[in-house]
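Both complexes below contain subunit A, partnered by subunit B and then by subunit C.
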Partner chain A sequence: MKNLILSKERFEHFISLLAKKHNVMGPVHKGYDNFSFQPIKTAAEMTLKYVPTIIPPKKYFMPQYESFLEYDKTWGENMKAVVESEALVLFGVHTCDIAGIKALNIVFSDRPRDYNYLSRKKDVTIMGLECNEYCDEFASCAMMNNHLPDGGYDLFFTDLGDFFFVEVSTLKGDVIVEEIPVFEEALGRHFKELQGLRARKAKTFTNEVGIEYQHVPKILSDTKESLIWNELGDKCLACGNCTNVCPTCYCFNIWDEVNLDLKTGKRVRMWDSCQNEGYAKVAGGESFREERSARQKHRFFKKFKYMVDRYARFFCTGCGRCSRTCMAQINLKETLKKLKEEYAR
Partner chain B sequence: MSPKPKVAFFDFACCEGCQLQVANMGEELLDILGAIDVVEFREVMSEKWDQNYDVAVVEGSITDNHAVERIKKIRERSKVLIAYGSCATIGGVNGMKNNFPLEEIRKSVYGESAKFFDTIPTHAVGQVVKVDYFVTGCPVYPPEFVKVLKCALMGINYEVPDYAVCVECKLNENVCMYERGLTCLGPVTRAGCNSWCINNGNICYGCRGMVSNPNIKGAQDVIARYNIDMDLVQNKMNMYNKCRELNKK
Partner chain C sequence: MKIQLKDSLYTLVRGKVLRTRQLTELEKLFEIALPEGQSLDHEPGQFVQVSIFGVGEAPISICSSPTKRDSFELAIRKVGRLTRALHELEPGDEVGIRGPYGKGFPVTLMEGNDIMIVGGGIGIVPLRSLINYIIDNRRDFGKVDILLGCKTPKDMLFGDEVETWQKRVDVNFSCTVDRADPDWKGNIGLITSLIPGVNLDPNRTFAAVVGPPVMYKYVIQELRKKQIPDRQILVSLERHMKCGLGKCGHCQIEHFYCCQDGPVFSFDQIKDLEGAI
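Moving on, here comes the complex of A and B:
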């Protein structure tokens, strides 16, 4: 690992040079305080102080819609695997979203391995960006301990006024700082400023919910029959927004798309959601999670219990997207607080 | 090679805009014509067909007794019937007729000649005869039309997605219309259009009909929170969805 600095004066130049050599995606303002990772060519197109994007950068690892097999009836069972992937650089990824990518890496590396995801992972270079301040009241990144850089990126940028402190974390990152010679060595005073920011953050980024996250699985297990779940079900429109914007939701549906010759075609997949009406429906019309309350409960258990049991990792990153996007105002932080109160009783 | 399936296009009460969507499809239309034999299609050809149809594609809603007889005959002559466009699948804008007494509406349309024209409440095609496939939308979303046609040709099922337009809208990463201060019917409307309108800066008008299990109370709470007049939403819903009331009877 090595540490560098990039002076602010050189930042625009850095992005322009980077974008000449690579496909660069960065946070772009879409209006109404909404942001989205989009292809960029210059620093001016990006907004670096941004609220988490509408959908997280997982879209570059598992696209909303993708083909993964091609078939021809004359080939019999010999279908052809396809991966649609291209090399790209993600600039300005927040620590919450890096945590999301780390969570997905675990899921898709588990057997059976998902080669489409893993090839893309190899193709993507991640340049993280530290949040010096809170994005808004929906975030719970401090509770989930995701407000500080903790690996999972190639380069990591921290804005310290006149310069960015740049942590080079991987060989891939090192190649880039070598090929674009705009970086300087980080000196003692630079480290000091970084430590100063982290000390300030330790005061402002404090547990937003008042629950140690390690306790959440137990709280959930003990409040399984709580009426709080029915309240969520009464509010929920089952629009699927909470899961579609979640950086760790990975469910998808699969079907075949035949060409008009009715002989050749492709097998495709598209993001699916446990909140959708048909998700848990089986042949004959029976649904295993007919009630919206059961679907919401499942979402919380998935993030804070099932995945913890299986992978020893929490699948909530604290990004706050689910609460931010919910028209019915189902709020993750508030729900956890209510569950804890009931648990304590 | 077996002969290509005989396909006929018909229209009832409608603007014929869905036929136009098909006729305007461009290059893909050539591929479609490679797979089917179009034997009747009033908007683009004069020929008629006097035998049975493998597939009948029907636009428009059923609004008088003559239409009832005609659609029954088409159904009898067709192995497969596809209803396409909101008028055919859910009654669509023609359903607004059902807001008024039949006599009143007949007089306002035909004036003194009203006695020469019978009329019935607007029905979706599926409320009169059995429909095998539905392509909802005003107009139909051409990629979905092609998808359904392929299912019909292969004899397999097509499921209209039973989740909200919000799902596709979110996947397209649009800014939510409610955040822009607009009232959008996406949260209760069935997807499958790839959030076509919202992608192009418009709100969702609910032309694809409602999801099968909408949370009415929850939606009312949301509408109240955004300070939206309930009558406005009711009117918006009824613009395309009035005919759903016929299902309750």
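Moving on, here comes the complex of A and C:
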């Protein structure tokens, strides 16, 4: 493994050169506590100390809206399977969101493989950025063990005051550090500073939910009948915000859009939400999760149990977006705490 | 940049409608052939995604037996936008087909065993594929009981075919309706009322159950009273699969995707799952 450092004075230069050669997306402040991944040209446009962006970087892997088939009414020969993709560099991705991308990778590369997702995945370069401090009270990355870098990126940046410590994790990342010669070799004292930060983080990033994440599936299975689910159902507005902002929610709906000539058109897919009433409805009119409580329960179980059973991986990254965005103040950490108390009784 | 994908799983083949037949006021049967004599090569219980560009796509179960290789049949109830458009199709028209998808009935495992088929209402559609498969390979199976139920006699799909099953010496057939009309001479009552009368050896019986969602619980109760082991009770679950590829999430039942892991499950796979039945 190769480790480098990038001095802060050279950081601006690095981003400018990077943006000359590549399409760079970075975290941009959008007022109040809102941040968003946006195209950037200079370091000044970015805010590197940010709470998770409104929409996670999953938008570059599975766009909110995408057309995957184009057709002509004389369609046999004229139907085309298409994908829209361009080479991107994502700069400043937090470890929670990298965990989200890793989860999505599993879903879409599980057979039968989704080539629309996979061709975009191939085009993205990921440059991670370590969180030195807990972003806010909604995050639970320490509980989910996603607060430290753990692969899934090409380069990983850690801010250590007057320099960035840079881990080169893939050849793709190495090509970039080689073509932009602003990096220096990491020396013993740099490693020491990194270890110092990690030691400080071990104290501040604590699991305040008080549950070992490995136990969550059992806690959920044992509280299936809890009234806590009804309380969530009573609060929930079924708006679908929580699933839209979730870095691992990947459900989508499919429909056709006809062009004005009525002969050509496209088949598209768009993010869907298990919180919508019609989501689990079948042709006869029966809905398998008619109650909001059942739909909220489905969301929690999907993150902490169903996907663990299927893919041996938790689908909650601890980013806290669902709680941060919920208009009805449904809080993931609080809910888990309550379930744990009930389980203990 | 937009590029053309050559491996997309959403690409369709053009199926040609060979024949159509109105089954009831709402249901119509379509016989469809794939290009160049290609066989669909499905298992009984599997489904295909059927499309009309500009209208949409929906999962439809295949109702013909795989032993019929030149074409396949779909019985489609007119309930929504796409199915209304499908009902307008005439012989010679084309529809988009992808699939077959999912796990069908495990016919190889079922060989040598007695088979009990329990179909309610439109559940006969996927079961017809299994029944005709068994009839075409009749020697490979033990005793066969077919139990069918529907609301009223005029709702019975495939009436003429049902009559031929009824007449066969190698099949035990019974049928019931919820509400009779004056000409009806058969049983009246729910499908569950037919099960106690069946003479069976539970250890060598596979039961295949398909019907409206509300039916399963009660039928399975009766089958368990007969001591049929849970892993030999096979059910086909209805969900609205949008992608058919285990991705879109609409058909998820706990850790299963109905479109890939089902739609046919054994009862022991799903009995403890939230919202399965």
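As a convention for this text, the second predicted complex is superposed on the first by the 342 of 345 C-alpha atoms of A that agree within 3 Å, B and C clash if a C-alpha of one lies under 4 Å from a C-alpha of the other, contacts with A are read in each partner's own complex, and residues count from 1 in each chain.
We take it that a residue touches a chain if its C-beta (ideal position, glycine included) is under 8 Å from a C-beta of that chain, and two chains touch if they have at least 3 such contacts.
Computed from a predicted model, the values in this text were never measured in an experiment.
After superposition onto subunit A, the modelled positions of subunit B and subunit C are compatible, with room for both.
Within the superposed three-chain model, A:Val82 lies in touch with subunit C and out of touch with subunit B [touch as defined at top].
Rounded in steps of 10, the angle subunit B-subunit A-subunit C defined by Cα centres in the superposition reads 70°. In the superposition on chain A, no contact is made by A:Thr248 with either subunit B or subunit C. Judged by the touch definition given at the top, the superposed model places A:Asn146 against neither subunit B nor subunit C. Residue contacts after overlaying the shared chain place A:Thr223 against neither subunit B nor subunit C.
Contact with subunit C, but none with subunit B, is seen for A:Ala280 once the two complexes are overlaid on the shared chain. Of the two partner chains placed by the overlay, only subunit B lies in contact with A:Cys236; subunit C stays clear of it.
In the superposition on chain A, no contact is made by A:Thr317 with either subunit B or subunit C. Residue contacts after overlaying the shared chain place A:Val258 against subunit B and subunit C alike. Comparing subunit B with subunit C, more residues of subunit A are touched by C. By the document's definition of touching, of the two partners only subunit C reaches A:Ala294; subunit B does not. No C-alpha atom of subunit B lies closer than 5 Å to one of subunit C in the superposed arrangement. Across the superposed pair, subunit B and subunit C both touch subunit A at residues 258, 262. Residues 68-69, 71, 73, 75-76, 79-86, 107-108, 110, 112-116, 119, 224, 250-256, 258, 262, 265, 267, 269, 272, 274, 279-284, 286, 288-289, 294, 297-298, 301-302, 305-307, 309-310 of subunit A touch subunit C in their complex. Every residue of subunit A that touches subunit B in the complex is listed here, in rising order: 30-34, 36, 53-55, 59, 64-65, 234-241, 244-245, 257-258, 260-262, 270-271, 273, 276-278, 292, 325, 327-329. Listed in rising order, the residues of subunit B touching subunit A in the complex are 31-32, 34-35, 146-147, 150, 153-154, 159, 161-164, 166-167, 170-176, 178-180, 186-188, 211-215, 217-219, 221-222, 225.
Remark: subunit C residues 1-12, 14, 53-58, 77, 79-80, 83, 94, 96, 212-214, 238-240, 242-243, 245-250, 252-255, 260, 274-275 touch subunit A in the complex.
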